[in-house]
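Take a look at these structures.
Both complexes shown next keep chain A, but they swap its partner, so chain B is in the first and chain C is in the second.
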Partner chain A sequence: MTVARLLPRTISKAVVGLILLFLGFPIVVVVVVSFSSATYLTFPPPAFGLRWYEAYFGSADWLRPTWLSLAVASAVVALSTVLGTLAALGLGRLPKPLRVVAAALVLSPLIVPVIVVAIGIYYAFSRYGLVGSPLGLVLAHTCLAVPFVVTSVSASLAGIDPRLQQAALSLGATPRNTFLQVTLPLIRPGVIVGALFAFISSFDELVVALFLSGSGAVTLPRRMWDDLRFQIDPTIAAVSTLTIVLTASLLAVAHLLRRRAQGNLGKASVT
Partner chain B sequence: MRDGTSTTHGAAVALTALEKRYDSVAAVAGVSLDIRSGEFLTLLGPSGSGKTTTLMMIAGFEMPTAGDIAIDGQSVVGLPPYKRNIGMVFQNYALFPHLTVTDNIGFPLKQRGVSRAERSKLVGEALDLVHLPGYGNRYPRQLSGGQQQRVALARAIVFQPRLLLMDEPLGALDKQLRENLQLEMRRLHADLGITFIYVTHDQEEALTMSDRIAVMNEGKVAQVGRPEELYDRPASRFVAGFIGESNFLPAVVRDVDGETVVADCQGAVVRGLCRKPPDSGQSIVLSTRPERMRFADEERSDSASNRLRVTVSEAVFAGERCRYLLRTADGTSIVLKEPSSATVRRRSVGEQAEVAWPVADTILV
Partner chain C sequence: MIPLLLAAPLLLYMLVFYALPVLAMLLKGFGEQHWTLAHYASLADDPVFLKTFWNTLSTAALVTLGTLLLGYPVALALVRTRGVTAAIILVVILLPFWTSVLVRSYAWMVLMGRHGLINEALLAAGLIERPLRILNTSLATVIAMIHILLPYMILPIANALRQIDPSLARAASGLGASPFQAFRQVVLPLSVPGVAAGVLLVFVLSLGFYITPAMVGGPRDITLSMLIAQQVDQLNWAYAACLSTVLLATSLALIAAFQRLPGIGNAFRMNTR
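Then we have the complex of A and B:
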């Protein structure tokens, strides 16, 4: 704030512009290259065309990992949303000191470096034949996704007046109906946002996939990684662009939901 | 709700030696109270006096550490809140923000398996009862505070509970709205014939609305009685000070004659009423209300009145009445309120005067 005040408006605008360019330029390059007509990666492209999108949609080598990633991410969403929501509800009921410890445990996958988690999971899973199987990926990604759901749902829960639940009980609703008819509808935006983040976290995940994919369960990020290592053609740019579009749309939905939820709560608490 | 043909009658609630401890701190320290069927009983007390905790135990949200709560002779201590069939109104209304007014009021009916058609009929009647017809499709956030509280009230009575609990329901509203709703709650209470237990820290609200008031302090009931009983015959210094304004005069017992105590106070002999006779020579405090005192320089003394010499130290004209701050010989402050009148001489600061007040309005506290 003080820095912004010290600098003249034009300079601060220029600085912000440069930062945005720095952040956005790689994305712009990738998107532009994906529409290239050249046979190898060059920037700027000599001409534009859709040949690399055609290459992607025409190749089973690309589509199979895409479907696997989508399937894994969907399973992760289902598992982590249920687990994370239940965890958030449970954490909210624990007494303070216990809650802090339990929350730290639940959120630890966010804190521990992914590579460490990945190595640990690799050793543990290899014993049970879970390396190279989609199930192993689903389980591992769920561990990493649960914290996103817990944080998002906990934030929603914290915004709910505890007296609403008391009111429901006093009006004759069983604890089950209180949850289904009052608590759940009120935390729904938080649950959905958590689910979206869980989806993205799994869909984008590379490190764990490197260890667990083996040859039987190659996900899209893993396939992209291999592609970059062994051959470079602009198909990767087309794939990246599609991934960016998907992720950005999901984030936009999450953002809208969050804003709407805040709007609701804000209006209700003013009166 | 079944206008006129209602067969519901209020629940009788008996609290017996009720206690609630958190670790070693007692929020409620032995409350025994018999609330009669159809009564409007107010739990009145400062914050931390245990009134809300007591209410929460009746509702079933707090588990008593000891003692019993019986509704119509049946102990409800082991019963979860959703099986108690008690209506409850919260201070912040606690309306479900994601449901319309109709669905909010219909919520308790839905839990009881009332059919959709019957539900919409009962909700309509409830909305009429709280003067909000036509508001069914709105969401709580589209209503004013007063309207939200009416919806909360409708929601709490639509399922015909025999007991309605209210936790400072008017606390968040402005004064005029509060007075309107106070009248409406009295009317509802009379119409429905059910038992109301009302929690407030506002003594004026308690006095105007209640059949009986239980004054609470430090987790205990300090006194229970009709509003005029509490006002005219406070049982303790706490009650005398908490309900209305009181003057406290230190005195020493000279003699006790039945219910009347005779005491020395600032060189004068003062009489007052007592519940339990004190010992001769005991130091006591006598209490009296500012509006029961009058200036009496020209009057002859009589045995039905107490008299005391004072100096006027402050005089405030407040429209309908004058408020004087007086000091006795030893510096004790006394407040006197006199109805204003063009024929009565106003006293000025520094003036010597004599005040008198009835023995019947002098209470040993």
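Then we have the complex of A and C:
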């Protein structure tokens, strides 16, 4: 190939590489800083060590919010997965006008600005003593997590070959058994993926927590936010790295499940 | 009957813990005792609101433009590569997508601070003599927001590009078009629905940004979300409710307007997560 034809290609590769660097580099920086041995924030670090992880794991001020966030996110997963899966099973079969309204209600947290949701819930919850309580956070975060469950389960429902259910029914299975033995196993990956997204959405959530945490229910993002306002020491880089690792592993699981589900569905509809 | 029974628990839940609280709050903007539009009328010549609204819109526009310019080439690369390279590109796009906004704003504080990496590098290279002020400026907000919203632009565009029949581009070059002409006259027009979906998504999401501008932005660059939070802190509920209604109405109006455009409404519905 001539230089004239190769040059544009090299330039476009370089441009894309730079943009990807822009996307990935800040996260690499956080991870590298977390292993710094310096007592102050500097990049690149003079030497490496685990002191900021020791600082994190040795501080009740950091561990308490971490446990609270894990507990809140787990409760949110339980609540949103049950409510969302049941709703996804029903929503698609509702008559049209009702279905549109119901879908708008359930999916709107994806587009309504979070601040509007946060202060609306804060306004209502403050009158019932739900500010500064983990219960308030669970109830509010569930509203924001539900769309992820509903979209994920609906997508896997839409991917099921209806002939599988018809076959089960025609072979004498009751509707209940058809659901338990055919439909449920087929949508299980979708349910789990939705649950993982629900977990991440609650675990990372800050805007609602800023209003609902009060002083009694400080979540991890809330604790990080307070820290960043007053001081910046690399403990927060260690915390960030740990949350990145947690999120990335959950996403990897979600991805594997999705691929396996697609494989299964492909096989199932061939037969 | 059964479908309604299945959906009812969630619908009831969302009504009680989400829709009614938000509606009750928004209604406060129409007067505490009796109905009035006075709060809204006063917004029209409220300098703080007008400046904030303009700042929010112009930031959203800059961020949308930035994500479009940076996102299109990446979407193209994502669609045109195969195997390991494509997987790496996808991971680089998706990992930040799911990393908390807080962590990423922190990363930009590390990079753009007075003694951050960018300043240190520029000083070492002898390009500047004193550290530049990058953090806590509106430039920092725009850069950090572009970083956060880039995946929302890339994924819809990549989706649209993937649906273009590759034989169309081959036919164009077979008929004598240069690679650039084939792109400009065949691929680019066919990717417009994806671009429109990305633009809408990024612009609407930009309007609601709160954490990032508060952390890396300048003290005077207040967004609508920040102003709302500030008013709630001062227990100024009526004003906060008016501002929330304006923010919400702007977002919904944009979405409604875009869905009217032929071929674009579908693309948007398909691509919302």
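Operating definition for what follows: the second predicted complex is superposed on the first by the 257 of 271 C-alpha atoms of A that agree within 3 Å, B and C clash if a C-alpha of one lies under 4 Å from a C-alpha of the other, contacts with A are read in each partner's own complex, and residues count from 1 in each chain.
What we mean here is this: contacts are C-beta pairs under 8 Å (C-beta built on N, C-alpha and C of every residue); 3 or more make two chains touch, one makes a residue touch a chain.
Worth saying up front: this structure is predicted, and the values here are computed from it rather than measured.
Enquirer: For the overlay on chain A, clash or fit between chain B and chain C?
Expert: Aligned on chain A, chain C fits beside chain B.
Enquirer: If we overlay the two complexes on their shared chain A, which of chain B and chain C does A:253 touch? Say first, second, both or neither.
Expert: Touch partners of A:253: none, neither chain B nor chain C.
Enquirer: Would you sort A:123 into first (chain B), second (chain C), both or neither based on which partner it touches?
Expert: Second partner only, chain C.
Enquirer: Should A:115 be classified as contacting the first partner (chain B), the second (chain C), both, or neither?
Expert: After superposing on A, A:115 lies in contact with chain C but is clear of chain B.
Enquirer: When the shared chain A is used to line up the two structures, what angle, as a multiple of 10 degrees, is there at the CA centre of chain A toward chain B and chain C?
Expert: Apex at chain A; the opening toward chain B and chain C is 100 degrees.
Enquirer: For the three-chain arrangement built by superposition, which of chain B and chain C touches the greater number of chain A residues?
Expert: Counted on chain A, the partner with more touching residues turns out to be C.
Enquirer: So, A:11: does it touch chain B (first), chain C (second), both, or neither?
Expert: After superposing on A, A:11 lies clear of both chain B and chain C.
Enquirer: Check the residue A:185 against both partner chains and state whether it touches chain B (first), chain C (second), both, or neither.
Expert: So A:185 only meets chain B here.
Enquirer: Where does A:244 make contact in the superposed view: on chain B (first), on chain C (second), on both, or on neither?
Expert: A:244 sits against chain C, while chain B stays out of touch.
Enquirer: Looking at chain B versus chain C in the superposed three-chain picture, what is their shortest Cα distance in Å?
Expert: Superposed on chain A, the two chains' closest C-alpha atoms are separated by 14 Å.
Enquirer: Which residues of chain A touch chain C once you look at their complex with the stated criterion?
Expert: Residues 8, 12-13, 15-16, 19-20, 22-24, 26-27, 29-30, 33, 41-43, 83-84, 86-87, 89-94, 98, 102, 105-107, 109-117, 119-125, 139-140, 142-143, 146, 148, 150-151, 200, 204, 206-207, 210-211, 221, 224-225, 228, 232, 236-237, 240, 243-244, 247-248, 251.
Enquirer: Along chain C, where are the residues that touch chain A in the complex?
Expert: Listed in rising order, the residues of chain C that touch chain A are 2-11, 13-15, 17-26, 28, 70, 73-74, 77, 89, 92-96, 98-104, 106-111, 113, 115-117, 120, 147, 150, 179, 204, 207-208, 210-211, 215, 225, 228-229, 232, 237, 240, 244, 247-248, 251-252, 255, 272-273.
Enquirer: Taking the touch rule as given, give the residues of chain A at its contact with chain B in the complex, in rising order.
Expert: 161, 163-164, 166-175, 177-178, 181-182, 185-186, 264-265, 267-268, 270-271
Enquirer: Can you list the residues on chain B that touch chain A in the complex?
Expert: 59-61, 80-82, 84-88, 90, 92, 94-98, 107-108, 111-112, 140-141, 143-145, 148, 155-156, 159, 165
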